[in-house]
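Think of it as A, B and C in the order they're written, each chain with its own count starting at 1.
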Amino acid sequence: MSMLEVSGVVKRFGGLTALNGVELSVRGGELVGIIGPNGAGKTTLVNVVMGVYYPDSGRITFDGHDITRMPPHRRAKMGLSRTYQVPRPFNDLKVIDNVAVAAMYGSKDLPVGEAREIAEDLLRRVRLAERAEDYPESLSVVELRKLELARALAQEAKLVFLDEVSAGLVGEDLREVLSVVRELHEGGMTIVMIEHVMKVIFNLAERIVVMMNGQKLAEGTPSEVSSDARVVESYLGRRWSEV
Amino acid sequence: MSMKLDLGSTFIRAIAVAVVLAIVAAASTIMGTYPTLIAITIMVFFVYSLSWSLLANTGMVSLGQALFFALGAYAYGIFAISYGMNPIAALFVGPVMGALAGLAVGFISARLRDWYVGIFTFALTPAGYALAVSSQLQPWTAGAVGLATPRFPLGSSLWLPFATVLAFAAYLVIMIIKKRRIGYALSAINNDETAAGTVGINARLYKTIVFGISGYMAALAGAMFVALYTSYIAPDYFGYPDISYSVWPIFYSMIGGMGSPEGVLLGTVLLDPLETAIRSWLSGISVVGGNLALVIFGLLLVVVLLKAPKGIYGYVAKYVESRKARARRAAEAGTKAEVSTGQ
Amino acid sequence: MAAFLIPSYLISTTLYGLLFTSIYLLLATGLTLIFGTLKLVNFAHGDLMVLGAFVAFLFVTLEGWSPYLAMVPAILVIAGIGVLIYRFTLRPAVKAGPVNMILLTIGISYILENALAYYFLPVYRTGVEIPSPLRGTGILLPSNVLLTYDEFLTIVISWAIMGVLYYWLFRTRQGIAIRALSQNPVGASISGIDVNRLSYLTFIVGSALAAIAGTLYGIMFTFNPFSGILLTLMAFAVMILGGVGSIPGTMVGSIIIGFATSFVSYYMGQTWGEAIAFIILAVILLVRPSGIFRGG
């Protein structure tokens, strides 16, 4: 049975239809990639699943519960989490407390002391322990991404959306973040990665969903998708050879 | 706006605040009756300013905090006079009205974006004033004439110590909030409400609760003001038509440094006597000297907002932090030098 | 028969509704322009209006000018003060964020009110009105209701100015640029619009509208140094009701608040007349937390 089921979701902003009947199904333990060009509706899809906006029509279920119009914090308590394309740390809290607050209010309600202990462990796991007592302002992009991953872990999230976790990263930094993602997945976390280009998730994802103009264009294993004529023509086009 | 410019551990800070409050109380008692009264207002406005900064540090700017202040004052007076309650009990029970009003205002404010909270709270003060002077409520409020309250049933030498203890208690409440789970949630909400929701924090609930606590504290300040200082309640405590009662906590918090309760204390201890002194000096020169004093304070607020947005305490804390950082860098450089000579 | 059905009551409340609408419209349009273009919530707007009324009052009482002519120096002085406030306080504080900006305008409001009180109270004690030579004369409407020439002129001047403003905003290059700026500041600056110059222009126009509103208000109603708060609040109620940043919405908001004020004042007393705007405001904030229209 699938853990997350998005069916027929429509979301309009004024005259613009950002999501036009999206279907998405994620099974527990999967690592799914969602790709698509700018404006395809990827981030809107994440926002609708997380409850930042409610859809105009359609239905979202998580763990068998209808969450279509549930407030965001209750979705978090059920085990849904995300990272942001532009990281959004809590700037007045130290790095360790950024993670601890997620442990305090995530799936379980933990007291401060216990939450900070968990946060310390998690920071070690994502290799950010030496920055625990610093404030997020002083972190690099790669460190901020790890902080958000640690926050999702601290919530004991069952399913995490990673919104362009690779954006702005190259070389060693990119490999570092992707290896953390892989470890989280091997640790049993269900992950949906939103990416702009396929290269990043080609070796990571078990299944790829291609989005275009607010709809699902294609779906399949990375090799199936990359050889799908429609995908190659309408999205990847000639640039496929370059990416 | 930041909570992070804290100097020293919680315990040391609490001791320091207790010492400052005790010094203010002791020194003014030695100096005489008038300074003792001023010291009482310092305690009152410290509690009041803490109530405002608690909201501001949760991302809600109240421009009508006097609504709760005046509700506390009136509730104290009405409970003591119309219902014959012991004034000491009324001082603590009256502010429950402020807490209830705070929860109601907070319920709506929690759903509003940034400046709408300001306009909403601001718009409530004329309504409070209208109620206070309305003929229907005149039997309780005495209308525009105002309400004279009975003498507070404690020896007058105990009034300042009593106010000082309440002020320290209010400080402790703020510190406890900061150190408990709720404090972490409030910081997260203040920084980024959407991200706070993502980690499972119910921002609306916490904002409503905070408004309730703030309403109680502001109302307690109003009740203390009447019980220990004026013995009289006027409709203009609602901050209308003159907005002074809503602006004072903003002055003290912003100029002192709203990011920490110590900054708020600094602002209140420095500015409250200064304001009183300037005001009485200028009032001696002209009948509208008081207005001129308020112009000066308005200018001071504008200058601080422009030049030191984190207030005096934020400015000092930043200076100390940069000194520490320099010392740390110097020490590191020293260690490296030793290592290199060792090789 | 119910009181509100008596024709003379109906006619005079309608007349006052129109008067309030005209003045709120001028005031709130200035506020809306400044908010839309500069994203600035100006809590001192009503105080600028009262200051304008006071400048006109001085020219009338000390120099013997006609109140309608005295509007000109009021506009110049208030526009000048507006520019100074913008240049030296609000503009440098844009980076400080919305909260500090709001507190700044509150501080400015406090300074203006108390400075005005400092000069005003020793001489005039209580509230004043701007004396008009036309006082007491007018056109007799049916049911013996007098439409004074001052009231007539107020309505005509307000709507004429709104007409000019609409032409400027919707038909001239400059006006269209200002609307573009209010809808999309980044896009506007990319497309070669001089954002800095337009920002000043907006503040000047907004302040001038406040001065006009103030003079007209002062001719008909009593004002004092602290009248500004209530007027600021009224303007906010109109702006939020009409959909923040929308000029046509402001007109709808003015009509609703203006007529509500007039009718409720007439039948329930002035206290409730003032309170009704805030009751409407509170209900809107409760039902649609971000105002009638989103955005802004």
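The rule is simple: a contact is a pair of C-beta atoms (placed from the backbone, for glycine too) under 8 Å apart; a residue touches a chain by one contact, two chains touch by 3 or more.
Source: prediction; values computed, not measured.
Centroid analysis (C-alpha atoms only) places C farthest from chain A.
Chain pairs B-C and A-B differ in how many C-beta pairs are in contact, and the one with more is B-C. As a whole-number value, the distance joining the C-alpha centres of chain A and chain C reads 48 Å.
Computed centre separation for the pair chain B/chain C is 32 angstrom, with centres defined by C-alpha atoms. For this pair, chain A with chain B, the centres built from the Cα atoms lie 42 Å apart. Multi-chain contact residues of chain B (touching two or more other chains): 1. The part of chain C that touches chain B in the complex is made up of residues 41, 43, 89, 92-93, 96-100, 102-104, 106-111, 113-115, 117-118, 121-122, 226-227, 229-230, 233, 236-237, 240, 271-272, 274-275, 278-279, 281-282, 285-286, 289-291. Interface residues of chain B facing chain A in the complex, by the touch rule stated above, are 1-4, 179-181, 184-185, 187-188, 190-192, 194-203. Within the complex formed with chain B, the residues of chain A that make contact are 50-52, 71-74, 76-77, 81-82, 84, 88-94, 97, 100-102, 104-107, 109, 111-112, 135, 151, 154-155. Chain B meets chain C in the complex at residues 1, 56, 61, 63, 108, 111-116, 118-120, 122-124, 126-127, 130, 133-134, 240-243, 247, 250, 254, 286-288, 291-292, 294-295, 297-299, 301-302, 305-306, 309.
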